[in-house]
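The same chain A turns up in both complexes below, where it pairs with chain B and then with chain C.
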Partner chain A sequence: MDKPVVTRKALVLGLGLVLLLALPPIALAMDEGFFISLFSRILIYALAAVSLDLILGYAGMASLGHGAFLGVGAYVVGILAFHLSDGSPLPFLPGAWAGTASALIAWTAAILVSALFALVIGALSQRTSGVYFIMITLAFAQMLYFFFISLSTYGGQDGVNLEQRNTFPLLDLGDDTSFYYVCLGLLLGFVFLCKRLVNSRFGMVMRGCKQNETRMRALGFATYRYKLMCFVIAGAGAGLAGALAANQSEFVSPGLMHWTRSGEIMIMVILGGMGTLFGPILGAAALLLMEDVLASYTEHWMIILGPVLIFVVLFARRGIYGFLAGPGGRDG
Partner chain B sequence: MRRRLACAGAAVFLLVMTFYLFLEQTLNAFQLGVMLFLMAAGLTLVFGIMNMINLAHGSFYMIGAYVSAYVGHATGSFFIGFLVALPVAALVGMAVEIIALRKLYNRDHLDQVLATFGLILFFNELTAIIWGPQAIFVPIPELFAGSVEIIPGVPYPVYRLVIILMGLAVALALRSLIVSTRTGMLIRAGASNREMVSALGVDIDRLYTIVFGLGALLAGLAGALAGPILATEIGMGENILILTFVVIIVGGIGSVRGALVGALLVGLVDTYGRAFLPTVLRSLIEEPSVADGLGASISSMSIYILMAVVLIFRPRGLFQAYG
Partner chain C sequence: MDSPAAPLLDVQGLVKSFGALRASDGISLDVRAGEIHAVIGPNGAGKTTLINQLSGEMAPDGGQILFDGMNVTAMDVARRARMGLARSYQITSIFPEFTALENLAMAVQSGLGHHFRFWRNAKTDPARIAPAMEGLRRVELEAVAHSMAGELAHGQQRQLELAMALATGPKLLLLDEPMAGMGPEESRRMTDILLPLKGRVSILLVEHDMDVVFALADRITVLVLGKPIATDTPARIRANPDVRAAYLGESP
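Showing the complex of A and B:
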């Protein structure tokens, strides 16, 4: 049988991309500018969810502490902005470094710092596996959560307010439409990177680890290093999402690291379709839209969302993306 | 000479005071520990036997607390509320098992996490709809109000002592249930090899439902006991759930003995951390506000540090399950 010219997967992806690209003008034409910021939030959580899926769906590491990296990335942006307006030098660094509002510097710093945290947490957590891995990542996330609560300089439990969004060359991030396209660009860039990654030799080793780590080790791969590297890349991605989230809400708080947030990101991945790169994006959109729509009908929207989640687990095992794109939907 | 005596007297006085404080905090630690044990025993059995991560275990605790508070308030008797709460929690647990969770035993842990997270959302909202979003405060029953002197000069609330004794009694009862009854034998067998148990012709579905109901009953018991000392509110289940997971991971999944040791350990580390760390830090750091903030955060982190350290050195917890 001939392969159809347009596969179901290509159709779904193409439509999705067109929709995302066309959203701001449509929203503005409908005079519903609120949609732009809602979808910016969706894109940011999609970025975090894709990064979690990299370790969850491809390397088989179920981390319930991914919110930690989101929070670290957000706090890097928040702390840099705080010291810029305060005029005081940055803490934890030798010499007197001033804060900054430049997106290029702040976001790069967010990526690097969260990658560093992921390196340490990953190196220790890799000693365990399965359920114990879920729990040790949760433990580290909770440690960071309480650590940031204790930082009274940065507002403790209440967090830090940003005076304005970061500055970006040639663009005004304070404008919701520009910010939306920056988020979209970064998300697409990250997905592209991940796609190259999972189809590379590195990605093959990771997926081999998910299926049978003992065999991979017997084949002579240093699986510890591969999995750690993967964990660091995922942490860096979540850190970037955190930096964007800080800009989107112009506010940073320890709530970003609470375990329920990590749980939500994990739900986005599973809801959308684990082990696919586009699934988590759909999952993020579905969860956040569902929250938004249900919340407009009833204050008790969670009583509907809860059973929906159970239903998805029981009857729609391949997630939304698997449902839309059909059996050929897997990436690589 | 007299001066030296005075110094010695002061030192002895300080030492005695420290000892009293220490004793009081140790009892507090035990009280937290037995509450955690009541939660952990059910969770670790469900985990060990059905291989099921049940995030909704905290919901049974919340249901126990709310039903006990509501019925206790309506009838004017704490004890009636208490006695009604236990079967209600057990029945809700068994119903949830039969309707939804039974289908998840052979699924991936992630599916279980997602589905039971959905259950948490459902139960939290249901509670908010039935009893409203405000926290409920339950008075301590008159019979156990006030305090006794455990040793002369050290008063301690009677109710907390009752909780400790109750927890220890449940631990003993659970031990004899598991060691010397037929159901207990099946539970042990299920924990070490559930395929074999079902191959031997045991009605494994019924065993699972019983174990689940037992776990929910213990969680409901913990919730009903917690009512008078903590606020009965939405989300109370999640707070203790995370602590409970720390307990069973530290103790080793599937081991009731591990749950007891883990619960007491977590209780001690958490209570001592909160009670003594700020004082210790204040003597080390000059700025009092910094020391207080740091002390508060390190003591909140202490149990997670405990868990991480245990897992780094013993990746499968302190105790292995039976077999």
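Showing the complex of A and C:
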């Protein structure tokens, strides 16, 4: 059979990329600058959803606590900014470092701290599997949620306001268009990284674990450590998304860690197509746009989402991405 | 024992209970290097339970397992596998969403290591793929190399699983009814695959098909209700009156 010059998959991906690249000028030309910040939010949640897809779609770990890492990443940025404007030193750290507004430092810290949280939560959660794994990741996220509510220094339930977005070399993140492209660049970079990862030896171990972990162990793979590593990478990705989310809304609150947020991220992955990496981007766009449009008609917009989701789960195992790009090969 | 070399596998007084049921009731047996040692016994005799304890998937309540000069009784499954203990399952256990070739490549990768390699493409890595193809050839599955393993015929899946176990380059193969659910034609092919391994790979073979057992085994242990009632050469097992009464007499 002849292969077409341009496959359906390449076409969908190419079009998507062009659309995302061209969005800010188009939005500005249409005088709808609001779209730029809406789509920044979509890109940020897409990043979180792609990171969840890594563990859910490739390693078969259904975490319902992924919002925890989003929240931790956001709080790292929020807390660093808080101390900078407050002038008080950071707790738990030696010296009297009073925070930073530098994106390079704050975002790196967000990635590292959320990776550390993922290491601890993952190490404990992975002693279970299946429904228990879902429940324990959920429980950890809720614990963090209540922990941050109890932190009155950082606003408790109300969270922390950022006076301004982080500073970035050569760019003004306060400008929505620049910020949008930074988000897009980071998302594309992360997707590329994940794409390499899922096709590497490490990635094959993940896929093997998803299909038949017993067989993996009997072949000699110490599956625990590889799955934990994957969980940590995913947590780090969500942490970066959290750092961006904090900048996007210039506000951080425990709500980011609430289990409904984790649920939304999972819905993005399932809706867009599990185990495809690109799908979760579509899922994030679909969910957030649906929310934006439907929420203006009814606050019970989730009622409409429910049937859509059931339809996707039952009839389109590769979600929106599978629907657009075709069934595709075994690697998405 | 007349052989001065220590056996490759030495099982001593293995005990495993499920509630009141003694699935392993003091099992002692050994497998010498290069030997095919068959374990036969009626349904529910505790053959799979024995294999599960040898592979490390079940912890025995008592007794010990020495493999390749090491006490592996408390060692986890993956480490035992890396020491050279490979197994197949009574109920086929493969990666259904991988191609046949990729199933083999996973087994090959287990021996290669470097599982924390994140960047280089594994699917085109000759270090994984070339030996994987070689392994498929050994079981005559190269024609279906690029078919999804889950879509292969039952007999082909059984062959694939055997090939995976072999591809790890094991010192000892634990085979749990490799012919389970196979027709006579498939069964014959499987025997043809196993025969050339005789003398080269040490095997602990659990099998119901007596023709296969008598064709392959150097020694046979008969297990009844979790207890070995005899261990001997095939000819003497066939002639053993206890065995005939307990087991062979029942099969046509």
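The rule is short, and it goes like this: the second predicted complex is superposed on the first by the 324 of 332 C-alpha atoms of A that agree within 3 Å, B and C clash if a C-alpha of one lies under 4 Å from a C-alpha of the other, contacts with A are read in each partner's own complex, and residues count from 1 in each chain.
Here is the rule we use: contacts are C-beta pairs under 8 Å (C-beta built on N, C-alpha and C of every residue); 3 or more make two chains touch, one makes a residue touch a chain.
Since this is a predicted model, take the numbers as computed values, not measurements.
Once the complexes are laid over each other on chain A, chain B and chain C both fit without any clash. Annotation: apex chain A, arms to chain B and chain C, angle 80° (C-alpha centres, rounded to a multiple of 10).
Legend: residue contacts after superposition of the two complexes on their common chain; A:Y226 is shown touching chain C, with no touch to chain B. In the superposition on chain A, A:F147 makes contact with chain B only, while chain C stays out of contact range. In the superposed model, A:I267 lies in contact with chain B only, and not with chain C.
Within the superposed three-chain model, A:Q211 lies in touch with chain C and out of touch with chain B [touch as defined at top].
Looking at the superposition, the partner that touches the larger set of chain A residues, chain B or chain C, turns out to be B. When both complexes are overlaid on chain A, the residue A:P307 reaches chain B alone and has no touch with chain C. By the document's definition of touching, of the two partners only chain B reaches A:G130; chain C does not. In the superposition on chain A, contact of A:L138 is made with chain B only, not with chain C. Once chain A of one complex is fitted onto chain A of the other, the partner contacts of A:F202 are limited to chain C, with no touch recorded for chain B. Taking every C-alpha atom of chain B against every C-alpha atom of chain C, the smallest gap after superposition is 12 Å. Residues 196-197, 199-205, 207-208, 211-212, 214-223, 226, 229, 330-331 of chain A are the ones touching chain C in the complex.
Interface of chain A with chain B (complex): residues 56, 62, 64, 124, 127-132, 134-136, 138-140, 142-143, 146-147, 149-152, 156, 259-260, 263, 266-267, 270-271, 274, 300-303, 305-310, 312-314, 317. Every residue of chain C that touches chain A in the complex is listed here, in rising order: 55, 57, 76-79, 81-82, 86-87, 93-99, 102, 105-107, 109-112, 114-123, 125, 128, 148, 164, 168. Residue ranges of chain B in contact with chain A, taken from their complex: 47, 53, 100, 103-104, 107, 109-111, 113-115, 117-126, 128-129, 238, 242, 245-246, 249, 253, 289, 293-294, 296-298, 300-301, 304-305, 307-308, 311-312, 315-317.
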